[in-house]
Amino acid sequence: MGVIVVNTKAYKEGMGENLVELSRIMEKIGEKYEVRMILAVQPSDIRLVSQLNIDVFSQHVDAIEYGSHTGWISPYAVKLAGAVGTLINHSEHRMKVEDIAKAVEISKKIGLETIICAGTSEISKAVACFSPDYVAVEPPELIGGDISVTKAQPEIVKNAVDSVHSINKNVKVLCGAGIKNGNDVSKAIELGAEGILVASGVVKVKERKKIIEEMAKAMVK
Amino acid sequence: MGVIVVNTKAYKEGMGENLVELSRIMEKIGEKYEVRMILAVQPSDIRLVSQLNIDVFSQHVDAIEYGSHTGWISPYAVKLAGAVGTLINHSEHRMKVEDIAKAVEISKKIGLETIICAGTSEISKAVACFSPDYVAVEPPELIGGDISVTKAQPEIVKNAVDSVHSINKNVKVLCGAGIKNGNDVSKAIELGAEGILVASGVVKVKERKKIIEEMAKAMVK
Amino acid sequence: MGVIVVNTKAYKEGMGENLVELSRIMEKIGEKYEVRMILAVQPSDIRLVSQLNIDVFSQHVDAIEYGSHTGWISPYAVKLAGAVGTLINHSEHRMKVEDIAKAVEISKKIGLETIICAGTSEISKAVACFSPDYVAVEPPELIGGDISVTKAQPEIVKNAVDSVHSINKNVKVLCGAGIKNGNDVSKAIELGAEGILVASGVVKVKERKKIIEEMAKAMVK
Amino acid sequence: MGVIVVNTKAYKEGMGENLVELSRIMEKIGEKYEVRMILAVQPSDIRLVSQLNIDVFSQHVDAIEYGSHTGWISPYAVKLAGAVGTLINHSEHRMKVEDIAKAVEISKKIGLETIICAGTSEISKAVACFSPDYVAVEPPELIGGDISVTKAQPEIVKNAVDSVHSINKNVKVLCGAGIKNGNDVSKAIELGAEGILVASGVVKVKERKKIIEEMAKAMVK
């Protein structure tokens, strides 16, 4: 089943009550096209979204156990709040390699799914060694831009798929950066990705419903 | 009015449903003794606690505006979730001086109260220049320990009060680190603090109600 | 005595043998105009420059004592290598407030002079609480640009001088960001600064000698 | 040829003039037993050691090109100062995974050898994807301790060798943490390591010459 992950970052349009409508849209389209919809939100919005009918992820967890870690994002706390998974090492929140390994380890122990982000196919391969559920390859220079990774650097997606699978065939590859429409999604699937990671291209546009439907449709063709 | 801030860190005993009972206890004792009670929680628990009858703080906010800041703690998001304030620069989460200044500035703009933590009286003075609502002085080597700051280093509390007020008389001083009972609280008030910041001494003990009541009582004597 | 601090950053033009010529130019002009010349270099170039006839500073030190701190910049090691001082908290290397306090404390203990950088007059005031030798005020958005701080935001320099001196009259104020010629220097001195902090405006220009002489001349007028 | 890397950290005994004697000892024993000797020092000591007859490494480089990076350790500057290589991601200086990749890439481009440190065999495998010259496996909890990794966790060394070679047969494996004598070294070689990374066990002992000779001897048996 294809996957669409919508990352709301710290966008005004992706916080608090703004999430309710977005979640409803994603839920309906997900059911219609049999595409898995994931909403990655600020930790403080996890409880709100977890009461809706969608899979909610944290945008980050710190590599910490229970204990004296004031103000760091506890994997245990986000799980309790209703998260079913988490992004790790997003390009806006890069982590030390030891912390990536530990954050994945803790997440697995408590049943949080993991998507590790990586900027190149070489780094995608490296982080695949930690056996996350997904690796999301996103060249940072294309994030938030007008040209999708599938057009600008299709070989990165292809190479990421190959090199991740050379390490572990069970790790699925997502791709992101600049993905804006159905064509970009079709191309991603064609290159071997099993889904996409999007942010501004969905959260900050007026016609959210139209775009998400176009993307879901392209995914199942 | 005296203030008791309870920081639940990433303690198992201070997450999710465990917070409901703690909040109820604090609420009742706060009303009885006319002490302001603040509960500083994981971002993912802010929505839960904000529905209870207590002032909820975030344990941290990052110095970010709306925008592309995946996985960082947005002051706007914690405010929307119901937080009325935030800790800043806790000893377990020290910040760059520029980020402290900016986090306070954003917090003020959107109506979040601020408590900046500092480990020495000299640093208390420096951060008072940013005009937060409170400075909480806590020598890191005493945090979580058996001896309270008011016994081990009373001069730090005294000096912090004096030097903070030499910068800005409106900034209130809290003290923390090792505070365990009513005597510690009495001593803090005597030294010029207007309240205390506690964590394990309240969150991880069996007789929470007894301890909190003892502390509140000592505060109003 | 006026002070000109030249920060060579990680510029190709400010490394290794390129420093020898720059140092000689600064030395001669410094003597001629009775201006103190300081060259702030990469740690690996301190030994080279310390054999020349100029005051050499490290561009940074970490807040560490002797011990197990692989790869961090030891104040003791840079002192041994011949540094007489160090920059602290440069806008390209911001530090936690506790580490600024500790780095200054260690530096004083072992006889390294300190210049703490700050982006605003409010932060200049805060770091003056740590009693460094100098505070250098540099609005980050002007660093490396074409308009000098003395033109774009003269009130920042003025306010920094006033607020630093309200804390400690012995702390001298430098200013930096976009300073390119004699006029900029005259204006800085007029606003109360006792010197300037420059980088690309000296290190990356062809006519280094001409520019430095113009700056030194403007300082003693 | 076996390799002994001596990391002087920020030890008083491993700075400035103290390095000259250590370097001479290492040089002679290296020649006698045909073991490659590497001395990894503070950046400010690279120029000093590079004039002696030994391979000098930096303890760290930051992932930066030429430019505006005040106070960060430039690979170009340490190369110019005479370093032939660098440690990367030491347990006391962990790096973001993207920065490890970039630091190795820049180092290769300019001819610096690289030793990436890793705490587990899984992380050793991950960083081997960046094709450094060496991966040094060192469980952080054993560093500086009394029990060597080869005794406490021999399977980590064995697994690191196997998993690194499953990624790239040209990457050599070193091991470290608690290595104190010839027996520890023999065991390391037996487990497939091609050398060792030591620090306090050589730098802070009185009989440096005796210990280094014992280690070199054990390496070539």
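All chains are identified by letter, namely A, B, C and D, in their written order; residue positions are counted from 1 within each chain.
Here, a contact is a pair of C-beta atoms (placed from the backbone, for glycine too) under 8 Å apart; a residue touches a chain by one contact, two chains touch by 3 or more.
Only a predicted model underlies this, so the values are computations on that prediction, with no experimental measurement involved.
Using the average of C-alpha coordinates as each chain's centre, D ends up farthest from chain B.
Put simply, the C-alpha centre of chain B and that of chain D have 44 angstrom between them. A straight line joining the Cα centres of chain C and chain D is 34 Å long. We define each chain's centre as the mean of its Cα atoms; on that basis chain B and chain C are separated by 37 Å. Residue positions of chain B touching 2 or more other chains: none.
Chain contact topology: the protein chains form a single closed ring, every chain touching exactly two others.
Contacts from chain C toward chain D in the complex involve residues 7, 9-12, 15-16, 40, 42-48, 58-60, 64-74, 76-78, 80-81, 83, 87, 90-93, 143-144, 199-200.
Contact residues of chain B toward chain C in the complex are 89, 94-101, 118-120, 122-123, 125-127, 129-130.
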